[in-house]
Each structure stands twice: as C-alpha cells, then as structure tokens.
C-alpha cells in the first residue's frame, strides 16, 4: 500500500502534483476506458501488465504513458507488429520483441538479478512464439531464461541430449501442442517444478489446444501445474515468481 | 460365402438338417433376439464375436449354443464373473478368462500358428484388464501375445528396459489412461505399427478416457492408429489381423 | 541413478541380496501387476507414490511391502477406509489419515525441515478432503502446511481476516469448487505462486468441476497454475517442490 | 391488446388508414421478410426490438419505417457502423450510439423517469461495448444507468473504491469475461439483484465466453441470474424491467 | 457491519459472552469445518444459507446451532429425508419441508410482509420439487409465492388458462426441463421479469438439463435471466430480492 | 376443442357431473401434481401420453384414473416392472408390455385400422427394448408394426435378406447404437421416410448415444429425420402420424 | 434397378451408346472426381442430388452435364451466387434460385402434382434462406409449399393468426434458431408430422445452432423429428417424401 | 543408431566434415528454429517428415536443405500452392503434388518395391485431397496405392461394384466425412485391416469431423483403427508400415 508520508513530502517538495498524489493514495489511476492498478507491484511484487489484444493504438499509448509515470517496468502482451510500430512512432523508448509479441519499457536494462535460470522447453518449431513470450516474461522478473526448442517425444533422444541443461534449471516451463506428451516425460526426469503450457498447434481432434491441455492436467508424472492454452506469459510469470523465491 | 455343393452333400448324408442347411445358405441363423452372422468368418477371416454386456444368461447360452454348431471358435467379450459362472454351469466346456472378462470356446487348444508376436504394452497397473482382453484376442487369432505392464512415462527407464522386447514384435498394442503419453514415446522408438487403446483410468478432467483418446489421435509420432476407449478387444483384433498378414 | 560401487559393497557385506541388488541396478522392482520405479527419488527428489484407487488390498500390501524395502517414505493416495483398515491389520506400522484418504509409512516422524510454510486455502467446507490431501502431501515433503477453510468470496471479509497468514506463506494452494472465484481474488493480493485446485463441489452446469477448472485456467490475476479437478495430492506435490527450492 | 373503439374512432376521423387499423387489430404488421409484433408493448411494456445482425440495410430501413408509425421508441441492436451510416443517410432522425452498436429512434428525449439507478459494473476495458449496450438499453426504459469499468478482481481495491456507488443502485449488471469472478464478489457485497453477463473476452480454454458463463451460473453468492454471452442488451432489458417495478 | 456500541453494551449487561462478542465483531464464527458468515444479512439483507448436500448430520447440527444464536432465520437446502429426521430428533424446533428438501428454522412464523406475489410456473409434474424449493425460498423472504404446475407448451391452452394469475405477479419464476420452451412463451406474454430455471428432467440429448439451460439463455423473448440447472433456491432468492425492492 | 352443446346435453341427461363438464370445457383436468390435457386428442389426433419415469405409483394411478374417464386410450411410457405390478394390483384392466416398458389401457382391442405397415428395423439385440417401445406405439395408432432386429451393417447381407419386407413398409423406423451406420444404408435403399432412433448402446467414445445421434443427423442419405436418444416412443409416434396420413 | 431389355433395345436402335448402356446397367457413371448414382431414383424415388459446397465450377458443370443425360431433374444445393452465374454462362437452361442457394434443372416445369401442401414455418426473418431451401426442395417433389415466416414465440399471437393455414397442411416444416421453442408450440397444436430444422441464428451459448438442435430433440410435444442444423434441403426432402405418400 | 566406425572413416577420407560427423553421432541437426531428427529412419524405418503448415518458406527451405544431406526421401505435408511454388523456385528438384498438398524429394523415382497394394477408399468427391495425401504417403513407403472415390453408402451398389478390388488389397484406408458409415460397411466385408480417416466434410452437427470420428471409433465391425480428422498422411503412414510387414 502507498506510503502516505513519503507522498505528502513529495507533494510539498513539488515533485508530485496533487492529482498524482491522489492516484497513488487511491492505488489507481482512472482513464476513460481503464482503471489502472498502481498498487499491483506493492501487493504482488510485479506491476500491472497490459493485455494488448483488442486495444486500439490510442488506448495502448494512453495506458503506457500513465503507467510509465508510476512503474519502472511496463509490459504489454499480445501486440501485433502493426500496432507496435505505431506505438513506437510516438514512444521510441519502447522496445518491441516481435517473436514474443511484447512491448517492453524499462528504466534499467533487463539483466539477471539472481543465480540460476528457468528452462523453457518446447516440443516443436511451431511453439516458438509461445516459448519466446514465456522467456521474455521470465527475464522481466530479473531471472535468466534458456530456450530449448523442438525436442518433442517423437525423437526422444533430442530431449535426453539436452537433459543436463534442463535438470540444471530452478524451474522448467514445458510447452507443447498436439498430444502434449513432452510434459509427462520431462516431469518424470527432473526434481524441479514444471509449468506446462498447452499450445493450439495441431488440427482436427486437437480442438485448438484442448488435447494438450487435458493431457497436461492428467499427467501421470508429478510436479506439474498448467496454465491456459498458448499462455506463454502466464507460465513465464509463474516461473518468475517461483525462481524469485530462491533468493529471498 | 457358403459352398452350396458341400452343404447339399452334407444334407444328403444326413450330417446336416434341413434347417441347418438353410441357415448356412442364408449365412445367418435367426433367434428371437438375434440374427447370427454365420458368414462372418468367410468374409472377414474371423467368426462373429458376441458382445456380452447387457445380454441375459439365457441369451448368452442360446447364442453360444447356436454358434458352437457353426464355428470352431466362440468368443464372448465383457462378461462379468457371475454371468460366466452361470453359463459354465450349463456349458462346462466354455473357458472363462476372468482377467480379460472373456468367455472362450474352441475346438482346438489356442496355440500360436505363426512366428513373431504382438507386444501388449500398458502404462499402468490399472490398465491390466484391458491389456488382458487385448492379449487373449490376439491369441484367438493364433498369434503369440506378450504383455508388458506398468512402464508409463513417469519412469521412462522402465520402458527402455523392455525396449528390445517391444521392438522385436510385429505389431505393438499400446494401452494407457490419464494423459496417454506412452503411445507417442513408443511410436517414436519402433518401426512397427502401433495400435493405441485409451483407457478410462484417471479422474476429473480425464473425462472417462477422453484425455487419453485425444492425446493418441494427436500423437506427434507417426504410425499410430486408435481404437475406442477401453477397447482391448478391438485392438487385439486389429493386431491379430495385421500379424496374420505376415504369414500370407 | 544407482551408485554401482556402493551396491556391490553391500552385496559383498551381505546387506543386500542378489535380487535386491539387481532391482536397484535396474532402478525397478517387478511384481506381477506392477513395475515399481525405485529410481524415482533419485531423479525427482521424491519416491514413487502409489495411486490407491482401483487396487485390491492384496496389491496394495504387495506394493507397500516392496517399497518399504527401498524407500524412507511410502505414500498411497485415494484409499477408502475399508481398504485402509485391512491393510493396517497386516501392516500396523502404516498410518491412515482418514480425512485425506492417505496411507503413509515413514521411517522418521514427519516434521518440518525448513522455515516457512505452505498455505492451503479452501473456499468451502465441502473442499475439506481435498485440502487435507494437499496439506499432508506438503508435510511429506518436510514442509509445514497451514489449512484455512471456508473463506469463499460470498463473504469476502472472511478471506481478508486471514490475509496476513496467507501472505506470509511461501506458496499458496487455493482450492475451490462451484465458480472457483477465490483463486483470482487471492492471486491478486499476494506476491507468491498460487497453485489452484478445482473441486467437483457443485451441481448442474458445474459439470463435475469443469466450471471451476475453466475459471482457474482463465484467471485474470497472474501467478496461477492449475492441477486436475480434486487433485489435492498434485497441488501438494507441486507446492512441496517449490517450497523445497527455498532452502537450496 | 389493441383498443378496438379507439382504433375505429381514429379510422373514422381519418387519422388511421384501413390498412393501419387492420394491423393494429391484428397486433402485427406484415412485411415480405418480417412479421412485426405491434402488440409487444401492450403485453410486455416494451416495444419490439430489432436484432440488426444479418439484416440488410434495406430490411432495416423497411422495419424501422414501419415501427416508427406505431411505436414511440425503435431500438435496433448489433448494428455495425457502415450499416448505421447508410440507414442514417435515409433516416437522419435516427441516432447511432457507436460504442453500443445501437440505432435508436425516440419521439421524446431519453431521460430518467424515476428515482434510483442501475449500476453497470464491468471487469475490464475490453468489456466496454457490452457495458454500453446494457447501459443504453436501461436508459431506453427510462432509468438512469451508471457505468463503472475495469474493476476486476485482480486489483480488488478498485472495486471497493466504487462499492458505495454500486451498493446505492437498485439493480446491478455485472459484466466480465475470462473467469468471471467479479460477479460472485459483487453479489456477496450487495443487497440488490445482480444480472450477470459473461463476455467472450479471453482466449484458449475460455471457449468464447463459456468459462465466464459457467462461473456465473455456479456463483457461490446468491442473488445472481445470468444472460447469454455478450448479451448486454438482455441484461439491460432485465434490469430495466426490475427497476421499473420500483415505481409501481 | 456489526454495531460496536450495541455489542459492548450487551457484553456489559451479560447478554453476550466475550466469545460471542468477538464473533459478531469479526462478522464470522469459526467451527472446525466451517467459517460462518455472520455479517451476511448485514451486507445482503438475507442471512447465510447452508448447502446441506454432502454435510454430515453432526456438521449440520453444529452449524444450525451456531447460526440460531445469531440469525432469526436458518435455511438449509438440499437435505434428504433421513438427514432431516436425525436433525429433528435433536432439534425439534426445526421444520422439514420434504417436497422442497429444506430445513427451516424461524423465530417468527413465515408470513407475507408485503403486497403482491411471485408466480412459480413449472412446465411438468416432474419439476415439482424444484418449484417447491423456489416457492419456499421466496416465502422465507417474506413474500407470497403461488405455484402453478404442469402448464408446458405441449398443451399451451393450460398456460393461457392461468395467464391472468401469472400476469398479476411481480416476478415470475419459470421452471422447465426437456426443451425449456415454456420460458420464451411466458416471457413474451408478461411485463415482469422472468427468472428461468432449467431442470434435469429428460433423457438422452437432454444432457442432464443442458438442453433447457441453453434454450433459456438463448430465449428469443426479452426479460429473461437464468440460474443453474435445478437451482430452485437460487431462483427463489433472486425473485425474493426483486420483489423486496417493490416495498422500499 | 370441446363441443359445448354435446357436453351440456350430457350434463342435463346426468351422464356428466358438473365437475366433469367443467374439465371438458376447460380442456384440462387438475390434479395436485398434474394438469391433464384433455384437449390433446382434439388438437393432435392422439390423447395425452404419460411419461412414467420418476412418477410415484400413487401419481400414476391418479393420472390413469382421471384419463380413463376421458380417453379411449391411456398410454404410459418408461414404466419399470415393479411400478407396473403395483399399478396392476389396483387396476387389473391395465396391460403391461414388459419388453417395451409400457402400460396400456384401451377400450377396444388394439388392431390395425388401415392397410400397410411400419417397419421397425434395429441394428442389434441390445436395441430390442427401444424397438418394442416404437412398435407398440405404432400399434396404438392403429397401424401394423413389423420388427426386424439384429441386421446391423457388420453383416450387411442380413439386411439385404430382409430388404423386401423393409421396402414394403410405408414408413421405416431405424434404430441403432454404436456408430448408427444402419440408418444411412437403409435410407439409401428405400423410397419411404426413415425415422432414425439413436440408442445408448455402446461404451467409451459412444458418450451415451451421442455418436449414433450425430451420425444420424449427418446421414449422407436423404429422407432421414431423427428423434432423441433411446426415444422409441417418439419414433413410433412420428411413424404412426405419417402412416395415418395415408388413409385420409 | 435398370431394365435390361429396354436398355438393350435402345442400344440396338442407336438411341443409346455402348458407354451409356454400360453406365445404366452398372447404375453408376464414373467421372474422375465422382461416381454418379444413376440408380438413385429407381431405389428412392428421387434422383441423386449434388452437394455444391466445395465443388469447383468445372466439377459442377461436369456433374450436371452427366446427370442431365439420365435424370429429368438435377438439383444442386448450397451454391453461391458467383458459382451459379458461371455455371449459367455455360448452361443457360439451369435456373438459380438465389434465396435458396439452389441450382435446378428440370425437363418439365415444377408444378404441384397432388392435392394438399407442406407448410414451411420459420421463427424469424433470419431463417429465410433455410426456409426457401426447404420450400423449393418440396416443390421439386411435385408438392406445394407455403412459407410462413417470423412467427416466433416471443409474439405468439402471430402464430395463432396463421394457425389455420398451418393446421391445413399435410406436413409441417418448422424452422427456428436461438432456443427453437417454436417447434414444441406448433407440434402441440397440430395433428400432422412436424419436421424440425434448427438454424445457426443466434450467438454466444447458441453454439452455432446446438441450442436449437437440443431443444428440438427434447421437445415435450410429440410428433417431431429433427434434421441437421441449417439443413433446409433435408427437411424439404423428408416432407416431400411424406407428402408423396398421401397420393399412393 | 549411427555407425561410429563408418562415420570416422568417412571423416578421415574427407567425405564428411567434422560438423556433419557430429550431427550424425548426435542423431540430430540443429537449426535456429528446429532440431532435426536424423536418427528417425534408423529407429522407425522412415525418415523425419516435415509438417509444412505454419512454417515460413525460408524455414521450409532451410529444413529441406539440411534433410537432403542426410535422407534419400524428404516429405513435407500440408503445403499450400503459393508456398510450394516459392520453394520450387529455389529448389527445382522438389516435386509438388498439388492434389495432396505434398512436397516430395527423392533420390530414386518412387516405384512399388513389393507385391500387393493398399486400397484408398473414399466416400465422396470432397474427400479427394485427403485420399491423395494418403495414397502418396503409401507410395513413399514403396507400396502401390489404388484410389477409389465416391462410393459412399447412400448408393451402396457403387461400393459392391468395386468390392473385388478392395478385397484384393493388403490394407484398406477408408476415408469419409458426414456420418462416416462407409467404414463399418467396408470392415464387415473384408478380411484385412482397415485404417479409418474421418474428414471434416459436412456442416452443422458434424462439428468439423467429430461426427465421423465418433462413428469410426464406435464401429460395430471389427478390424478398424482410426487416425485424426483429415489426417490422410497418418493413415498412409500406418498402412505403409503394415504393408511393409508383408515382405519381411
């Protein structure tokens, strides 16, 4: 929650307008179309993240602009290239990570702040974008992320080849479409928590990722928990939170 | 199709009643509650199999009795122990294979008639009954079946330990509940066709075997085809048919 | 993997039979109906856990007996009271935790081995058994578990009343049936990972827990990952694994 | 039902053509492609509303034209901007409320006709259009609507901040996508009926709004009833009907 | 919220124990297996209702006992006859309404406290129990409920015969299984809000009430909102809340 | 609709009580738990049929008793043997057709009243009860029904053997579980309407008859319409109605 | 089946080429991409109908051309306007009925060949195209079709207004989207078979017509059978077949 | 697995670069976006196949280029024409089979290497592409494939006409959309394994191929196993593997 005294002193010193002070005390900043949660980092240790899908460029700019005044990090997910370019025209300080569909603004460069790393393991080439979304979210938490792709179980020796690196991670994100079998195999071989991400890669009785989702929820291996279909961000967030625990 | 001349000669010799001859010519034997398909073995190479679930003991006895007159092999699936015992009281020549829920009558002992074997690989202890149903169906085709259970991917070294035996088979039946991942792993390691059987083992988002069924239909490994949930008989039938090809 | 030299020395010293040595080298112990994964603790840091549902008392006893020879901890989940009593007749050293449906055997008493605790938060009285299953699984990992029940969002002040305790945990397990809203509210208020467990509590369009499962997968709050419906064990396992990270 | 005598007098006075009189007596006006229900306001207290989706501009104009002759209010829902502009070219008296996708014609300005108000509470920015559709439908009933957006449970203090205003309403419309948790939280805090509207905002296991729909149907808080996914109009209609009760 | 001063005076006067005072101030009463929400009536105008399904007789007695100390009305839903009889043995003051599956305790007799009534309209004889649950919940709100059964659309004149009575109500609860068509017909004929309750009456492609649920959510008539399948209590609660509005 | 004058004359002559006359004029007879539709035969040409499932023996007797006073035929569907026996104890004039689960009361014996017949074709022995329900419903319409069972497509010559008889019918009811393929094959071979009845025979991915239902709705052969799963009565009713057309 | 002698005589007379004679004897005409069923009219009384969706213009022309040589009527369903225009360029004798999406070629004009008519009743304006497809299919059978649209149950007097005309039909096709309630209401008021067509009109929990489909399968009124979603052709075919019965 | 000595000798002789040798020893070739499984043919008897959907032209070229260095056959599935043309511009040696959507590169011409053939039987014209994908995959295995289209059960004599050819095959691939009935009919008439492929041909309650998928999984005829919806490649692969068995 907001530190009352510090805010008042900033107002007195003229470093904070009356309006800004009100926002910080309420823990929320009101736009016409959004109520920004300025208190998010205080409660959860990570500032509010913006879901970019379906927002206009004007809305994105308005929200980013307001959040920049309060947060050291602004992260916008699910941004298409044409949206990103138009935001960057007006806000050149924003970085667009095209592979991950992310807009990122940070005061400081993104560097690992703690030892250890998160392994982002993906079954196929088609899971690439979800893997990148997960990896960059981990990095925004100040943790290292290592991406290992195309090690699906149809050629399981590819997985064993990388097993050392996977076993060395503090948390493992496991991404797979189709039948999602990679998760169970990985979880049976490691002593670290596995965050599973089903992807919508496949067709027919895949039902847009449902086949992989059910497989992961029913994993015969223990130590697996699942996020929504294609939700690389959610997995990266969960992994970042777990890894952050290790240096407390 | 029925061999007309042979039938007529048997009638003349008194080895066949008029009624039996009619049945054979029509390729069907009519009971009140069933129309038996006497021509099945002629068309498909395997006689009509009786689905025992939901049939009364009287109906089972009536059907078996009629089929015994025409077939060297009578196979009844999905028979519960109490049904079986009551059938056996009246028909002591029928064998009940309790683990597989099968009633079997054969003129000749069931022995392998060709080289090679079918591997029946099951992920868990709970898949035992489905595995037995599959294995005994294979044996009724005159092929050898070898059962390998509890080699699920949560401890994948158990599978590798038996890999030689699995790779040696002519056909592989792969049985798994929960997330059904075993199928994809096995299919990626062998050069033989894999018949996958999802089982209803599991709970919650398993949906009575749907999770494993979808996983198997979406397998990233090639050379997999799938039968209905818990359908050990169907898998054994398919495998028996394929293995039978090898000695033609 | 097994330590070859140590095993051989034990054989020489007569502390290990030839058969036991073979098992340890293979990392598996073969029963008729099961292939026990003796190498599990080596790979994943937790020994093989037995899924009790659908196993006969004879099978349970056989498996527990074999595992006791190799593991300091034997955990059997989803055991009904009548099964448990019959196992205990023959194996009085086994403890039955009726509320959680667990059979537990340990060489040493179960006590917390590290600071901090896991909060097990359940929305309603009907989620009690799932909560107990989760809590006792956490305890088997050597971590403290604190259970907080009946703080569902229909009376949200009950949750705020316990918020301090929940925020103090290293990991939070959040259990809810019906619409599963508790998870999103909790995850929005804490800076720790939340493992969500949907339960089958409810009726009608609840579809046996699907409503809560979908809600949790679609949580608008970040830092949530989900396990199967009613899978208290799975959540406890995941939380135990995460909490274990903190003292490495 | 139609007032016979009044109609006849209007015919006599020449204020009504024979055809119009017939229509009013039948309570229906026949177009080639539609049978307009002129009796709707008499039965339900609100005139027939036109569902705009999938109707051609010609059809919309034909229907509006006919309804204008009989009704003080003509409301057309789900109208896209290009349709609206072409209707307005020919019928400049029609108002298009773009945010709500509504075409509205009224003889009198829309103003609140009774004390009290309906609160339209939406979880996120993406629920804006559904919220506007609901609010404007309420206003067409002659009731005040106040819209409160982006107060989802991930930052629940935003909701508490507006709680006074929500509690002051006579009826509450609660709109949410993703997991739809807002409904249960709100309903647990107020003593007024809550009409819940699931929206299709989200992805993956959201299944186009099904996750939120199920959550709302299974709300652990009482006093909630649900309308179809994205059906802001339906919620506004229900709320308008309930609020209208208060001044009878 | 609790009235602090009044509580303290009651403590001083010895009318309230310290423990009771604490509970009232916290707005919650803690049992081993439940956290009772004593503040519910203050927030929502109706005290906490107990969901009886799956609770033991001991739990029911414990909860009722505690609630009786704080509430003028204790309502327990979904109670089977054998549970009820055993509760009544120990608590003879509790009334069991067998047709509705409700246990009710009230300080004062249940009588209508305001003019007007709620019409509970059910399509078939099989919807009787759901209708009774709804009607008695309405009565607990202090409103009159009139039950009209077996007026389904297969013989629509039965409905028209009772239309006057239905149109006279302030709120209408409409209960139907199978295809649930009654709701749309009723809603097209009245100027009052309709709360629809799908029931699980039917078979086959009824899917336990899903057919009626979908029909009601997609009603072509306006002024309909829907509660969960078989949720007579929920409909009665909603209707009671709406009707209560009329005398404010 | 009721013939007013005839009723009044019967009252005058003392053949009808005042109460009975009222009922006939209202077209409905009110019981506590049911509103009987006495006008049904007048509107639809077939009297109200009672759905027996879930009704108590007392309710069945009450309803039958009342209907007998007004209808020449009383038909009760889905009656279990124990219900039937208890009804027959009190109403020995009622016939119970156990194979079809029907209670039937008729003033006149059931005999065909018109030329031609309805063919009831069922794929398997397990579809027997549904076939009987359909056939007896047809007979209650005064049409002949011929039942042909166990002619499923796995042995398609059995169907061709009976094709002459099937092609000779005026309407064909086609009953099948599992994959429901029989319907398409039959419809491709006949020039008469085919009423398809999916049955719940099967297991696993059969989903209680959904597989057959979908197959029948998607039939590549024309001239097929479908009724609910296991709804032999509905198919018999439809066929009876169609066949009745032929002698008008 | 083909009349051998007649064919041979035509060959002899040179009216039939050898190839054409072969086709007629085989009852099939082979194209690269299709095997036309020339025997269809002989078996089912209606020639093969072409499903236009997904076929190229070249394929349509090839198929129509071949069928014209054998059939008095060629009907192609689901043809989009641009396909139709290109077919008509090459085959000006083909008629395109745009409202129904049908291409029709007939040797003789389409006129009713028997007394009576089929009523095509549709709930809303949006069901127009499905209604036209049904009506024109009926007409191709040589029966009269009368279309009655926009008589949905939200304004049920519109239906009663047309009831006389509906009751006068020999068969009724009932078309509705959303909740599909119209079917049950109509079927309860008539003594003729009702063919129900669910349409995909609606949104959200309509699931592309599933809501209406389930409603129709679960109709509480008897005498209803259902065809696939949006399948106006299928309903028209069924109705045509039934109506054809009446003049045999 | 790789032959170590042979590789080293090739390195020494300069026929293999160090990098190539490493790849072969690892059994994998690493690209940025893919980990190619060079060991696939060694394990499964068929080289890695590339899933073309969703890959960029650059990625396709990169992968094909690398695989050409190691494999005698490179097969890419689900390639659209515009992708194919651009690949062929750069790699003119690649063949594009447009009907099957396949890119194929082979060192040797594709010719049958063993006696016998696979029959590819498709129900309708619309199943053409799936049939071609299956047939060409069979051919890549070195087996003959014969395609028989448009023999669906609505005109079952078309099937019987081709029965001899179907019965002569070693394996049968059976492709059908809509209700998928063809599979059961074929399987009941042959003594060879049937691989069933449901297609997404159809509309409404077809649910994108689910109707046919369920039908095939529930086939009443034995000897059927099923692959994913529209998965012609998978069926061809399975059939190729089975047929290959016959010459071992």
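Note that the chains are named A, B, C, D, E, F, G and H in the order they appear, and that numbering of residues resets to 1 at the start of each chain.
Note that contacts are C-beta pairs under 8 Å (C-beta built on N, C-alpha and C of every residue); 3 or more make two chains touch, one makes a residue touch a chain.
Model, not experiment: these values are computed from the prediction.
Common neighbours of chain G and chain H under the contact definition above: F. Here the repeat of A-H among G-H, F-G or A-C is G-H, since over half of its contact pairs match by residue number. Note on chain placement: the centre of chain F and the centre of chain H lie 49 Å apart, centres being C-alpha means.
Mean C-alpha positions place chain C and chain H at a centre distance of 44 Å. Separating the CA-averaged centres of chain E and chain F is a span of 38 Å.
Within chain G, contacts with two or more other chains are made by residues 43, 124, 154-155, 187-189, 204-206, 210, 213, 217-218, 222, 228.
In summary, the structure contains touching chain pairs A-B, A-C, A-D, A-H, B-C, B-F, B-H, C-D, C-E, D-E, D-G, E-F, E-G, F-G, F-H, G-H. Note for the complex: chain H touches chain F at residues 123-124, 152-156, 178-181, 183-185, 187-189, 202, 204-207, 210-212, 214-222. By the touch rule above, chain D contacts chain E in their complex via residues 43-46, 49, 170-171, 187-193, 195, 213, 217-218, 222-228, 234-235, 237-238, 241-242, 245-246, 248.
Those residues of chain C lying in contact with chain B across their complex are 26-28, 33-35, 37, 39-40, 43, 48, 51, 53-55, 59, 198, 200, 208-210, 213, 228-231. On the chain G side of its complex with chain D, the touching residues are 124-126, 128, 149-151, 154-155, 157-158, 161, 201, 203-206.
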